Amino acid sequence: MDTNSGNNPVNIGFSVPVIAGHESKKEKTIVIVNGVEIGGNEAVIIAGPCAVESREQLYETARAALKGGAKILRGGAFKPRTSPYKFQGLGIEGLKLLREISRETGLPVVTEVMDTRQVDLVAGYADMLQVGSRNMHNYSLLKEVGMVRKPILLKRGMMATIEEFLLAAEYILNQGNTQVVLCERGIRTFETCTRNTLDLSAIPMLKHLTNLPVIVDPSHGTGLRWMVPAMARAAIAAGADGLIMEIHYKPEEALCDGHQSLFPDEFVMLMNDLKKIAIAIGRDITLPSGK
Amino acid sequence: MDTNSGNNPVNIGFSVPVIAGHESKKEKTIVIVNGVEIGGNEAVIIAGPCAVESREQLYETARAALKGGAKILRGGAFKPRTSPYKFQGLGIEGLKLLREISRETGLPVVTEVMDTRQVDLVAGYADMLQVGSRNMHNYSLLKEVGMVRKPILLKRGMMATIEEFLLAAEYILNQGNTQVVLCERGIRTFETCTRNTLDLSAIPMLKHLTNLPVIVDPSHGTGLRWMVPAMARAAIAAGADGLIMEIHYKPEEALCDGHQSLFPDEFVMLMNDLKKIAIAIGRDITLPSGK
Amino acid sequence: MDTNSGNNPVNIGFSVPVIAGHESKKEKTIVIVNGVEIGGNEAVIIAGPCAVESREQLYETARAALKGGAKILRGGAFKPRTSPYKFQGLGIEGLKLLREISRETGLPVVTEVMDTRQVDLVAGYADMLQVGSRNMHNYSLLKEVGMVRKPILLKRGMMATIEEFLLAAEYILNQGNTQVVLCERGIRTFETCTRNTLDLSAIPMLKHLTNLPVIVDPSHGTGLRWMVPAMARAAIAAGADGLIMEIHYKPEEALCDGHQSLFPDEFVMLMNDLKKIAIAIGRDITLPSGK
Amino acid sequence: MDTNSGNNPVNIGFSVPVIAGHESKKEKTIVIVNGVEIGGNEAVIIAGPCAVESREQLYETARAALKGGAKILRGGAFKPRTSPYKFQGLGIEGLKLLREISRETGLPVVTEVMDTRQVDLVAGYADMLQVGSRNMHNYSLLKEVGMVRKPILLKRGMMATIEEFLLAAEYILNQGNTQVVLCERGIRTFETCTRNTLDLSAIPMLKHLTNLPVIVDPSHGTGLRWMVPAMARAAIAAGADGLIMEIHYKPEEALCDGHQSLFPDEFVMLMNDLKKIAIAIGRDITLPSGK
């Protein structure tokens, strides 16, 4: 690291995969989630609860998302929990609620799929399928969602290198599904006072290496509600194409991740701040009329 | 991480040290470096070469710093190099050049001190003393700079937890020197495509736990010139009180860290972007008149 | 870490899961793989190629395994490869070859299963199912193999804490499958001169917390053939119940992991050394007659 | 890592430094500490308390070390403590006690030096100087101990790569001091149930790259007394030239690191086990007569 390499712009130490890599096409990939474009000039905010818990919870939280200016609703029906004794999600019931609330609010929905056998099922209800951090190395699942014709939200493994992350995307892309959004959500390091270490340098690095949209999850990336706004602002300033954040109409009663979910009012305030940052760097975030 | 802890704002798993901690005093610490205030509403930019190489190099780079809007000049006279066969700095000669260029440009200077025996010497020439990442755990040095009456720039060890970082500051503070600025400069993780992983969550965390100013070094934090602007913007958006960046009038000829040093023109452009972000979050960066 | 806690034998910072934990039963679990006992006084060596490549390759490598004193044959039919462009394994053809060579040599076989939809298929051919490092967090797969009545070799995720590793085992155990062997195979750290950092302290820690057998994979743990013997010896000395090692009759022609596979002669020599260490700590490794 | 590189024995990704590297001389370096040879066929055990606390404590602990078969006594006079509020050692008084007990027991002593200004002082009392983990990157100190004519025990930084470790040794060697012993003492990883992750693969790696003796510190490497014996055995089996271990005549009353210090009886039993392992791999550990 001591050479005076004034010219060499990047020496990342690995070969960028063919399809995911920059060279395969010149223009940026725009991923379209039921009409919402990710990867364009506008930064897209995805918000919603960690898990779908009930009709009321999802409806009220979706309304808060809409009010703040979110364009897509998130919510887990199948939850990958570290312990088998924790709440595992509502399953199909959760998928149905997501569809129902989507219809009522007009928000497209993204939800996680964990099992190759459930890909068709989940694709039948959701507008976008998420492959979670714990399954980024699950190549069977990556291949399966590569055969679906719905956009995929691929989260970086909590200890995956940038190279492995791009190769995971490549597993999806080379099955023919070109609609992939990459999501940085924090990596595991020695530091323990945050849940993970949010690696915001992944934003410029991934955008340097690939044309795929890159978003950030400051909720899992920090694990601390009060830290979410600062990191959300930083992610937008660093050039993220969007954010996925956990919000809840009653965080203190959430069945999971309540401690990192924003209150509805916090979310509205944060969205106003994010818009200002987006404009400062020449992008935008459209807020509900009147703002 | 699955409890619905709606209230508990922080559970960091350690006791915040007495003097460095928030509770010891109510107001934020303003560190004054020969008239320049760090920790106030204005974000302060420190810029300059990795190492002092010659009168011309330092003078031209200082002029570029001044032109961009930097308020303090950085430059290493004693360099902590991983290999004994790399350029070790100009030593006292470097200190003298720093003082000289400081006088000519009006920029206060910060430079690193590596040895307890040189603390008085360095304090005789510099306006601010830097304790580098590799010496953050060098408790003898921390105590020694704690007895100096000059402000200290304390860089986080590349392997140091937030707790250890605060305890290192405490070593300085409890010797009576209250003028300490904390600097996040990237931590070591499994990821190798960046030089370090810049932990921007350290900004809100440190500001949550202490009243000391917090700045960020995006140059060492990434090790890649083209990535510095994105991370500099993110750091300001996350609430940093300033930045320390490597710039060089001829990066391709630098004796060290040329690959991560900004060109003078890049620096000027970046400063304009940073000012916009600062304003978007209610702070400011004063640029040379006419901007 | 500075308390004079003379008595407190363990403060691991988490609750040991119910079934996997020590307290659920007093005696050690003996896992029986088609007649071979893992977890008793004898350390059991599993050896074979990374991937099944051909009848000849598998047969010749199995003979080398047998000659050295291995008790179980390993070999991948479905391979989890970081890149979609690398050899993905022979699939069902590989499973059939494993069964065939098992019949000819008398060695039970262990092979990896990657997809919930293939669990029954793999269980139809193999004596023991491996859940690989990349799938340790794949809870759907863990539940599925928990419903099989064949022993499971569960590898620690390269990014998994000891707590998460035990919780992954718990996912299998609480489906009713009590035949689980834990395998340390190296974790990801900042160090890059080895493929992973083999965490041998996991052996005493896991044996302290659970009654399940614990084995070690020094091949993936180091990624370097010449380093395998030293780490294999260390693992036995630390109390491992066995080892799983990659060997190949012609490593230089291997389709995967040739650089970390032992030559047949090296394997025979190593086994003699391992037996001496086993005896030194009061255990044993039975070698073919005449040794 | 998937190439079938059958021949390439090592690709470590960096250049081994000139003097520390294997190629500079053919024979192994034997470091002689007041008559005790480290690096020969016999594995050398260094034992003693974390810190010198009192005459009685040091004397009784030294007797326990001697009884178990230790050849060198360890004990800290200047202690690098993470917090300024923890016991910082007895200083010069501790050095004098070490010298005194050394004279009475015949055991050479090793103790840590933390400050360039104290190198001559410490060298006046100790037979071997330790540069601790926190100071491995303190190049001023490395240069200073390189000018002393006493053997140096250099501990690996808790987050130092093998390359950096060798370069730190090079700083000492190229000042003319060839008597350097390398010590692996655990690295910092994401795992938190042990104090550090003891990287035993450093033993074969360092011995592959350099002729310097390599020893291991299982006390700091695990932070858990009950885990020390397993890791000590593993280190000897992996080929370590010795061990440095914390023992205390009354661990429950120790002013520091009591939780990881062995009781005298445990130490004696462990030494018997270590001797068996040493013999199993063709080396030896000489125990007090009668054993």
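Labels for the chains are A, B, C and D, by order of writing; each one numbers its residues from 1.
In this text, contacts are C-beta pairs under 8 Å (C-beta built on N, C-alpha and C of every residue); 3 or more make two chains touch, one makes a residue touch a chain.
Owing to the predicted nature of the structure, the values given are computational and were not obtained by experimental measurement.
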What chains touch chain C and also chain D?
A, B
Please indicate which chain is farthest from chain C, where distance is taken between mean Cα coordinates of the chains.
B
What pair in A-D, A-C or A-B shares over half of its contact pairs, by residue number, with C-D?
A-B
By C-beta contact count, B-C versus B-D, the higher one is B-D
How big is the gap, in whole Å, between where the Cα atoms of chain B centre and where those of chain C centre?
47
Separation of the C-alpha centres, chain A versus chain B, in whole Å, is 32
Just how far, in Å, is the C-alpha centre of chain D from the one of chain B?
35
Multi-chain contact residues (two or more partners), chain D
81, 83, 159, 188-190, 192
Mind pulling up the chain D residues that touch chain B in the complex?
17, 80-85, 114-117, 134-135, 137-141, 143, 157-159, 164, 167, 170-171, 174, 188
Touching chain C in the complex, chain B uses residues 188-190, 192
Within their complex, state which residues of chain A touch chain B.
1-10, 12-14, 81, 83, 86-87, 159, 161-163, 187, 189-195, 197-201, 203-205, 208, 221-227, 230-231, 233-239, 250-259, 273, 276-277, 279-281
